[in-house]
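Down below are the structures I want you to see.
In the two complexes below, chain A is the common chain; its partner is chain B in one and chain C in the other.
On to the complex of A and B.
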């Protein structure tokens, strides 16, 4: 393994993840369910709840002003691993069972320095039942999802996630390498029945530099360069638009539902904060029985 | 049980790496054997750290708990501050909050190397004030796992003749496995240092 020693900086994130995975996997494998409650309670439950609530109120005000946000179990659910294996790549699932009422959803990672991770506005071409994203988490934090209904009301759900250092974690490669193929896209469609929504995955190649990542050799910060807007349309009809932020993980991936009955190809337009602009088209396969 | 698993995990990781492992007992320990540098470490500040620090005690969370119960040590946090990205949109919330050990004094990046001599002097002056000029007072230095900053800051104190320097390599993550954290502001005198804003 001479490469490990010769180039410790570059290999680091990979090792860190491998080790985290091991530390996590072993106790679970060894002790099964017995240890799980201890892991869950260790920090989250005992942390200063009042302080966390006060911070949420502050963030809430900066984004939504004085508008009331109601708690809801039925309109929005946010799911994430309690303990993330990689803080720079934390999978988030937003579930919105009453999908016909949903106009959009906001994702807020309370303890990230830039808490407002994403806003997704659904168009008529979307099936807003479920959305998945991958985000950076800087600290043990509450993650809030706020759904906006078509009649303009706001409902929230929250989930506590243990991960830290995600916003400043270096990518484990040079900036040039990380930017290779920037703007390339792929789209995958899950098999679907006719008349059912099509689960669709959009993958965008883009480093989404947070501006908080330090080059360990030069000690310079890689300038922030992140996808701030994704617009997905189908046959001229909006599917969704996503306003993103530095809290979205590198190589952004979004998983969403396409409303059945749509026509024409899908067009994706992406732009970043450095005036990068990319467009790609994809053909939706016809449903199979 | 968790602890055993961690030791096993560290051992396993070392095996995977094909490197010799020091007898590691906490997750901040490196799976590779990192030797102590001579003096302050000026290489990449993020990375595996040594298992030892000559002239200081390396403590885990149990030892920290015991020390805090017994000696009310000075807690020094040298974590980096979150840097506001250049050109970050003014209309989006930017609300960095540093969570740390309750009661800790935060001097961001005081473990940097090289460190401007004026800043090093200020750091030492602050520690002198915090310890009441008693070089025998227990001091705990920490940041995050795999962070050389706390190793360096602890080393700086050892080199100044502090006799009860404790380095807590598990850092804030190690602490919050067991205890609540709290949002703390940066030490006021440290924030006022020249050029501090340039680091944000």
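On to the complex of A and C.
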């Protein structure tokens, strides 16, 4: 089953990415040396506001059609480092203060080769006040978060991030090593007061190969293999579902709030675009006073 | 031995390291090519060029690692190949100015470009390229990417290319240059997953390569827990002097390794505490290791990335 995000309109030719990858201006992931071209700027850096806006309009139309998106600083906020330390692991925080109105949130990294990074649909078991994700950023880009309210309206917020090469950066020393333990999961629960949401972290072992990482010998790209669906339920009730894409960093980690009062164990099912399927259960600790 | 004596600058170098984190020794060579560097004779027949504590740039030909050679009775071993074809070619020229003995071995200490992209400059010598058994796979995964970046900076003709090891060290091996033997150790994942160290029998000097950073902030690309373990393996060798991968060309091994492990231990302990306290990674990169700020050159550039690496490793503990 193709990911719901794998909309062909949104997938920019790898060629463009290959070109932008030649003009990187930031540290390369995991290198002993930070290579910094003296004169070359990231391609995205020279785009002007008008081009960025046009790009966003194009993406917007392909995801949301003609539906109106309103700007908002009260319904959605997106936080990310202005300049990423590691383009293959850029922490993103989405804050949705009017959480009772929130049905879901879309994350779009405009200048990534496949911009539609994630869609999260919250279920009754979630506290959607805040979500954290780790993404790859391939170019200087706007990051858009679009929140969908329960009454079907859309609101957006934007953050500009300077990073490059996150999609094509090799993730480890070998594909084999990167695949080790694929499908393992871990869940952590922060201490919380009774009646308060529980801050929860789900970690999934998965290389999330972007399809843009090249093997030196074969000159082939390691085929894209990424988690395209995460479903988290508690006691049969949905907490959230996440549709993901190659922009999610390897070993995906998501932080989210668990609504208080839920019962039963948490069940997580993950699947990837190559028919990988994994399930794990976790027990939520009782709140401490 | 037909060698020139080059005045040792290691004392000046070490003083430089102490001045507010600024590497004074490198300042005169900034903006100049690799030809501006000199070789220090750090032991009998051992010549090392100090890499600059800077980023790879068009001006420095990625000559940022400590590279050099060891002269035996029969042949010459290149300890590190250089950061680019240009850097490797410079080193080869320096060797040829000093000795006519064949260059029999070129050591590729690990996958990072500042250490192995000079290798192709020695192709005509047909040396044995010595590397860790995991180096080939690491070059497969990373080599093309590094090459692309280097070409952007230096241009295709100066960048260098990927050269694979022809002698893969599984655990340990010895290479005899005549009158001196180099004993190699293939380490577990530490700085990278393919770190190779060696010890010279004639001088007792240890070559830990990037398992030992001095002055320049260590960069973590393998395993933090593993690096601290391999530091013990190196300590157990009881070397008095060492040629670090970065920093002065010769140092007292024990205090230099103490400095390195202090940084790594701080990184490990503070990252573990951050994870235990549910601190998000974006906050951890700003807070972990800050006490080390003034002790290393390029702290600002690398510390946050080291914390990211450490966090990714330790959050699965």
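The rule is simple: the second predicted complex is superposed on the first by the 240 of 289 C-alpha atoms of A that agree within 3 Å, B and C clash if a C-alpha of one lies under 4 Å from a C-alpha of the other, contacts with A are read in each partner's own complex, and residues count from 1 in each chain.
One rule holds in what follows: a contact is a pair of C-beta atoms (placed from the backbone, for glycine too) under 8 Å apart; a residue touches a chain by one contact, two chains touch by 3 or more.
No experiment lies behind these values; they were computed from the predicted model shown.
Trainee: Would you sort A:81 into first (chain B), second (chain C), both or neither based on which partner it touches?
Mentor: Touch partner of A:81: chain C, not chain B.
Trainee: One more residue to check, A:186. First (chain B), second (chain C), both or neither?
Mentor: second
Trainee: In the superposed arrangement, which partner chain does A:89 touch: chain B (first), chain C (second), both, or neither?
Mentor: second
Trainee: For A:170 in the superposed arrangement: first (chain B), second (chain C), both or neither?
Mentor: Both partners.
Trainee: According to the stated criteria, A:281 is in contact with first (chain B), second (chain C), both, or neither; which is it?
Mentor: neither
Trainee: Applying the document's definition of touch, where does A:203 land relative to chain B and chain C: first, second, both, or neither?
Mentor: After superposing on A, A:203 lies in contact with chain C but is clear of chain B.
Trainee: If you stack the two complexes on chain A, which partner ends up touching A:263: first (chain B), second (chain C), both, or neither?
Mentor: Neither: A:263 stays clear of chain B and chain C.
Trainee: Which positions of chain A sit in both the chain B and the chain C interface?
Mentor: Residues common to the chain A contacts of chain C and of chain B are 22-23, 27, 30-31, 34-35, 38, 168, 170, 214, 216-217, 219, listed in rising order.
Trainee: Can you list the residues on chain A that touch chain B in the complex?
Mentor: Its residues touching chain B are 1, 4-5, 8-9, 12, 15-16, 18-19, 22-23, 26-27, 30-31, 34-35, 38, 42-43, 46-48, 51, 55, 58-59, 62-63, 111, 113-116, 138-140, 164-165, 167-168, 170, 210-212, 214, 216-217, 219, 221, 223-224, 245-246, 273.
Trainee: So in the complex, which bits of chain A are touching chain C?
Mentor: 21-24, 27-28, 30-38, 40, 81, 85-86, 89, 91, 93, 132, 134, 168-170, 172-177, 186, 188, 190-191, 199, 201, 203, 205, 213-217, 219, 251, 253, 255
Trainee: Give every residue of chain C touching chain A within the complex, in rising order.
Mentor: Listed in rising order, the residues of chain C that touch chain A are 55-59, 62, 64-65, 83, 110-115, 134, 137-146, 148-150, 152-153, 162, 191-194, 210, 219, 221, 278, 280-282, 285, 301-302, 304-305, 308-309, 312, 315-316.
Trainee: Can you list the chain B residues touching chain A in their complex?
Mentor: Answer in residue numbers: 1-2, 5-6, 8-10, 12-13, 16-19, 27, 31-32, 44-48, 80, 82-89, 92-97, 99, 144, 146, 172-173, 176-183.
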